[in-house]
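Sharing a structure with you now.
Here the chain labels run A, B, C and D in written order, and each chain numbers its own residues starting at 1.
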Amino acid sequence: MALMTGEEYLKSIKARKPMDIWFRGEKITDPSGHPALKPSLETIMTIYDLGHHPKFREMLVVKSHLTGKECNLYTSPLMSREDAMQKTRVARSLAEVLGCCTFRCTGSEAISGLYPLTYDMDKALGTDYHERFKKWLMNVQEKDLTITAALTDVKGDRKLKPEHQKDKDMYLRVVEKRDDGIVIRGAKINQTGVLFGHEFVIVPTAAMTEEGKAYAVSCAVPADTPGVSYALGRTPFDQRMMGDEYDNIDIGKKYGDHQATLICDDIFVPNERVFMCEEWEFTPLLIEFFTAVHRLTAGACKSGGVSLLTGATKVVADSINVGKISHIRSKLAEMGITAETLYALSLSAGVEGFKHESGAWIPNSLLAHAAKYQATIMPHNIVRYVREIMSGTGETFPAARDLLDSGISEKLRKYLAPAKEGMTPEDRLRVYRLAENMARGSNWSAMAIHGGGNTEAARLMAYRHMNLDKLAKLAEVACGIDDNDELAADLISERHGKIDWDPKIFKVKAK
Amino acid sequence: MALMTGEEYLKSIKARKPMDIWFRGEKITDPSGHPALKPSLETIMTIYDLGHHPKFREMLVVKSHLTGKECNLYTSPLMSREDAMQKTRVARSLAEVLGCCTFRCTGSEAISGLYPLTYDMDKALGTDYHERFKKWLMNVQEKDLTITAALTDVKGDRKLKPEHQKDKDMYLRVVEKRDDGIVIRGAKINQTGVLFGHEFVIVPTAAMTEEGKAYAVSCAVPADTPGVSYALGRTPFDQRMMGDEYDNIDIGKKYGDHQATLICDDIFVPNERVFMCEEWEFTPLLIEFFTAVHRLTAGACKSGGVSLLTGATKVVADSINVGKISHIRSKLAEMGITAETLYALSLSAGVEGFKHESGAWIPNSLLAHAAKYQATIMPHNIVRYVREIMSGTGETFPAARDLLDSGISEKLRKYLAPAKEGMTPEDRLRVYRLAENMARGSNWSAMAIHGGGNTEAARLMAYRHMNLDKLAKLAEVACGIDDNDELAADLISERHGKIDWDPKIFKVKAK
Amino acid sequence: MALMTGEEYLKSIKARKPMDIWFRGEKITDPSGHPALKPSLETIMTIYDLGHHPKFREMLVVKSHLTGKECNLYTSPLMSREDAMQKTRVARSLAEVLGCCTFRCTGSEAISGLYPLTYDMDKALGTDYHERFKKWLMNVQEKDLTITAALTDVKGDRKLKPEHQKDKDMYLRVVEKRDDGIVIRGAKINQTGVLFGHEFVIVPTAAMTEEGKAYAVSCAVPADTPGVSYALGRTPFDQRMMGDEYDNIDIGKKYGDHQATLICDDIFVPNERVFMCEEWEFTPLLIEFFTAVHRLTAGACKSGGVSLLTGATKVVADSINVGKISHIRSKLAEMGITAETLYALSLSAGVEGFKHESGAWIPNSLLAHAAKYQATIMPHNIVRYVREIMSGTGETFPAARDLLDSGISEKLRKYLAPAKEGMTPEDRLRVYRLAENMARGSNWSAMAIHGGGNTEAARLMAYRHMNLDKLAKLAEVACGIDDNDELAADLISERHGKIDWDPKIFKVKAK
Amino acid sequence: MALMTGEEYLKSIKARKPMDIWFRGEKITDPSGHPALKPSLETIMTIYDLGHHPKFREMLVVKSHLTGKECNLYTSPLMSREDAMQKTRVARSLAEVLGCCTFRCTGSEAISGLYPLTYDMDKALGTDYHERFKKWLMNVQEKDLTITAALTDVKGDRKLKPEHQKDKDMYLRVVEKRDDGIVIRGAKINQTGVLFGHEFVIVPTAAMTEEGKAYAVSCAVPADTPGVSYALGRTPFDQRMMGDEYDNIDIGKKYGDHQATLICDDIFVPNERVFMCEEWEFTPLLIEFFTAVHRLTAGACKSGGVSLLTGATKVVADSINVGKISHIRSKLAEMGITAETLYALSLSAGVEGFKHESGAWIPNSLLAHAAKYQATIMPHNIVRYVREIMSGTGETFPAARDLLDSGISEKLRKYLAPAKEGMTPEDRLRVYRLAENMARGSNWSAMAIHGGGNTEAARLMAYRHMNLDKLAKLAEVACGIDDNDELAADLISERHGKIDWDPKIFKVKAK
């Protein structure tokens, strides 16, 4: 069936076992029925439906290189430069429509990372992870499942390695190896969309050492596995999302996402779902493969969000007739340039990647981390503009119900009427709420700062991928410290003008 | 009685006539009993109590130059450089404790502006506004009333003057002049704390022309005057504020504020409460006097908020044991420097002011607007740091109830425990919520962008106060376009090294 | 001969007629012999030589689509996405080696712009400019000439159109039309490398109106045409460049560039060299085609300069053993990320272009102007880091002669010795001088601010290319102002995820 | 005589012994006759003359608290809040006229630091440094000498302490103690104005340990002491400064400064000139006292430079008739606000200082370092604006001689004529050169990045002075981690609203 519709997806979700989800003291067993999760459900169902939409289909459906059959872009590893570029474009486009996370990205990134990783592991170690992974993946493609990646451990004391923590469970680990599988224990935080995924794929959050090999684990777990618990994270808007039709207006938009803490309490995972178990020396490589795609996407999807926010700012400005004023135009231009800058970094990360022996396409890590770095800074900066242009009114607007259906409605409609012909007070409220949602209420502004890793993590990774020694050598030749002119030619020409970036980082160091 | 306690204040508020306040479709007649306004009530009662606190008393109590008796700093116009400096210090200190608006500042700024303004009007026009104003003010001082300033009109089409708007009520105006008083109509937005003020003082939001003289109006109106309506603005946290003990934890702090839209539906104001009526040529001067103090305060109070957020960030960083890491220390330092920069601008605006003929002390406008300008930009920039350092966890934290009193509590307490000795999971949640409150949930982040006017307004006002022609002349002398060396001496020496700033702006142009 | 060597190039330059060049009151007739232009000569000769270098050849030599023969990349219009990407890579790579302008870029951009422009003109107007242009171009390719673009007029009063200036010559114009050609008058400023070009191509600096059609002119002029005068612009280092061996060390690097004011005093240009004459309605299109390539390059070459400066900063930091300190690594990372950001914008501008009917490849204007916008800001920001890391010493370093060959040499060598093993005091001086050259002394820092147009010009152009109406519509759908969900699909899908950018701007408006 | 005129000063300088100064391989024995130092000489003579100028006198002349007689502000330690404020105002005002360093500041800061320091040392150690210092100071006041502070050592390997360097002379030290004095060896770099000072005062550049007590030395040395050598640092404009009348125009302004490396080759200093010798435990205190004043000044003088540059930018903008354009006004406003921000920080550092037991006034260190921090960043940022607004032309302007007196003059004057009535082409060139001088050619832009210490040094010092623990405690009270409400009162009230800053840092730790 390869491509579910939104309705089919919903049915598949409702068919899950009762789950152990908590929100404000209440236990939720089926997230699809909970009002605080309705925007999330709208999001994921829409994404499934878009796979059948005549105009989106071409963007979202690809041919599986495993089966030759159609499958969703999110269930296929990146296999070419074009795939990588399409990932950027889809991430941006969906964010422009949804203004939130799509949930399916992280899983697709885990898939793109594990595909070449298992290939390399098998080649080096004689294991059969790659076949096992492909088999699992074909099922995912066939059933068009939503997969999320479970990466970020709770980490405890950030200065200590996993194996040196007071509580050894601060990073998820293998607590028992059996013949037929493994038992895992630990928690993962910041799990965007996890309640609406069919499965999550465990990925280690950091490079592990031999001493900490129990933490070198990757496996796929159905989201409704008994023993897995979830605590939904709060957002400033969570109660507003549970409201009636007027609060729906006050949310600002139909689509949304959620983030949860995921806890695995000694969960058994059968071998056919295990893709790494104690091969600690391959953890850096897995992180490289995964983050190269993950951070490419982080730039692209923030680009789309910034575009949507730019459009919202234009509507806001026009509502008070300042859309053509010089400083507003300057700010709109800067917002638009910000969107393109993030887009360009992500697109280029795809363009400047390389073909891995397994057939997978690995984006350029330096550009991917640069994309992520800018994506943690630039969106926050332009958020100031939209809030400035709403100039107070946007943040002190009365409730939709007060505006539309209360004893003060008439007065409010008079005084808060927009200056734009044909625009109603309700319209004005709606666009202010959209801006409020993205700038403050929803996860968007949070993810625009640290979704996919924070500034310093991205900076550090980018630093590691820079070829500073080569740049230093270029400087030495330029200023005459080194008088070997040929050296510059050598340094430059070996990459034929391509970006300077050291693929040796993708070699696994021998034990 | 001159200085009420919190309890006395509460009694005075409860003694008001029933009011017409709306929030989420519900009519509120006594704001002191509404849960969404509880943090506001805590704030204002605390400020009254601090006037009796042995350690704060010295900061908050001054001697009235009108009566010679003690009165609250907020009911006295600035009469000296020391008063202005004290205003900066109090604003910063209270913000460091409250992390929100104090409500009483804007009123004190209107008082500081109207005092010299009415003096100048009387002198030029032969009116008796100054005596009238002093009489009103003595009553305010005597009863220790909280006054708010009602400045910001709804403005309609921002490109049109008040008198050219399609709906003439887009700016508050005098619709009828009677022998015993005036009738006013219009609305004011972004009214911080207005529900807990005893009176509000109308101040024009912009300079008016002769054609628009009906909009040149200033008067004092009791907040419970029949015919005045209020619509409370929403905040992302408003529902959380209405919650039980667990939501109280999720709010992040005890104190808070509120903003409302205030609507005057043909309100009669008796002459003794009217301080300007149609004297349009004095509106620029009133705005100058008012904003000089208002924007001085805007810098000071953001300074205090930034300090509190810096402290919160330190607690956050220590909770995961990264407080001493190099890049965290750099960011904490930058946050602290930001607080001092805003403080310095406000303090200097007070120091570099001048003594008005009426006896009032007028802060330096250029520095005050510069303070405001930086206060619309710098706090937003450092908000990114606190959110970055919470690195996701802070924004996906489960509800307090889930952590403390639910079926998943035990697991959450294990996994979300801080790394710091003696700190509990609840402690960790509390400080994350404090940061979330200031960065996203409450009005603080909104006011840190446009409280007291937005970036461009401050930039424009600062531009007007710069003596660019004099600076250009200095440049011409420096580069030899003008070879009159003495000129530089003249330019510099006339101000004896003081800040260059043109007091002519405080002259009223003849009709 | 298609590809000259450096020596052949020099011969061709020396064969020119005596020119009318002025520098510090001195007339120069052959720039190739002047010491202040030696770094420029090194640059251009090296670029010719690199076309024969086994490792650079592949980057710099392309097959002419006109003749099928090899020609230099700089003499061929962009005909494909790959050409555009190669332009970015070459621009970056050469900047990494040279740390200055290459001189040949602007000409290649004029070629890339005039190729499709003349095609469109002919199609619309029935003229034969395209054939004429191709003929001229084949000669350029055959002789491997260096062409520069003469764009920027002196402009007089910036608020007046060319035809309204007091002196009508403030923009270059056609003063006479003859049967066999035209006579032009006017001046062009900021002419980088013009003294070492064989010809310059006049391009209008702005869109012209019908009234100002005399200013709508494009033509090719040999640089040694009698009546053309040049005044070399000063740089802070110009006298240092005229020095002996020690000043050569103090320059900081071997390569450099120059900028000149070019004055055409009633120059006759025969018809076969005229590519536009009074077709004012095509001036916007010419500017679009030209700037799309020109600003793509501006991002790429600044990227290379930033890389070289990053390398220099690394050498500086290591010389005092701070290269591994946390805040230095952070800054190096940010410098490297800056280089990649500019690179990504340029690369993407090429990737996201479109195929013009003439066969030319037109880069994406929005991305190209975004690249330029960031290129006017980001390099200046990181220049602060290199100067900060040199921490004073770099800017107060004594002359090379003092260090190496004077009565104080011994002492200086002792006290200014670097802390790095194997590095000499002279080495340390050299790298400081390289940084000083790029940050202050040479044209690099100037071009990093406005080379190819200033910030506001780039911002304005980017603004024009943004599809703000579409973004506003997306926002309206997202927040429910417009409830036509299909609209979003339409808006997004029509571009299949590609960057939003309105090609209608490339239509010429009917007269 | 207490207050020399410029001529008297020049005579005093010419009366010095021949010195050992090197510049570009040439030995200079009397700097007052060297063309490259002419702008420096103009500066210092003008400063002496201003002490007699009827309009500046009041700013520059103070009453000595030691003698009761008039003396120059630069020879008197800060003794009151007013003194500190005056220091800020004078520093700003002179920078607005000169656009460069005054040379006399650092000495006055050493005086302000050594005055309380010697007092504290005597009190703790029973030494008589304070009397000795006062005696020396009275002579300085009496003779109106220019003193410079020699602080910055060459430092060798930045990661090693002085006593662990391979070459022990990398920090200046006492190599011999005799009965009648000490012998010192070492070098100091970045010595601004040192060639025109009568004496320099050695101050340690960092806190010393007991092991490195030989480096804990402070003493006064006449600048013409035999055995002291100087190497003048190059600037991009140094050769231009040696030129004729046309190059003088190309310098851009009359005043300038210089920086030199100063080398002490076993210099004997008699006891009466020694103010610290091996008292290593007092080095942190000396640095605190010195930098509190030094960095206060750094903010103030950059403020003045930014003002002058703002004026220059206004003249530039008007010359092409864009002075009133929206984005230009925005940028001018931001430049002006930058100047006020730096001024406010410096002024406040003086206002918020404290009275030392010796009678000296110590500025607030936190604010002083904050001033310095911003002064290393903000001026660089606005330099981009002036260069952007000159939009290329300013950086490619031909030489003054070409414009005014050459075969191309007529043409250049036509094409480079300004658009402003009454402004000549020469005027336009002059103001462009002024901007070029400050932005690139002279030491100004260098000092605007690291004059008085670099960004990280200021950040670190500010960090040390922040009371982060108290801020953390405030946050804990605010969010309820600590429920002791009184604590907040205690924390705030103990400083009565004054800036939070820990004076304990000024206590010397017991050995």
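Here is the rule we use: a residue touches a chain if its C-beta (ideal position, glycine included) is under 8 Å from a C-beta of that chain, and two chains touch if they have at least 3 such contacts.
Note that this is a predicted model, so its numbers are computed, not measured.
Taking the mean Cα position of each chain as its centre, C sits at the greatest distance from subunit B.
In terms of C-beta pairs in contact, B-D outnumbers the other of B-D and A-D. Spacing of subunit B relative to subunit D, judged by their CA centroids, is 38 angstrom.
Averaging Cα coordinates per chain places subunit C and subunit D 39 Å apart. If each chain is reduced to the centroid of its CA atoms, subunit A and subunit D end up 50 Å from each other.
The set of subunit C residues touching two or more other chains comprises 327, 330. Of all the residues in subunit A, the ones that touch subunit C in their complex are 50, 53, 55-56, 58-59, 85-86, 89-90, 92-93, 96-99, 249, 252-255, 307-312, 314-315, 318, 329-330, 332-334, 336-337, 340-341, 343-345, 347-349, 351-352, 366-367, 370-371, 373-374, 423, 427, 430-431, 433-434, 459-460, 462-463, 466, 468-481, 488-490, 492-494, 496-500. The part of subunit A that touches subunit D in the complex is made up of residues 326-327, 330.
For subunit C in complex with subunit D, the residues that touch the partner chain are 20, 22-27, 152, 154-160, 167, 169-170, 186-187, 189-191, 229, 231-237, 239-240, 246, 250, 259-261, 263, 265, 320-322, 325, 327, 376-377, 380-381, 383-384, 387-388, 391-393, 395-399, 401-403, 405-408, 411-412, 414-417, 419, 436, 440-441, 443, 445-446, 449-451, 454-456.
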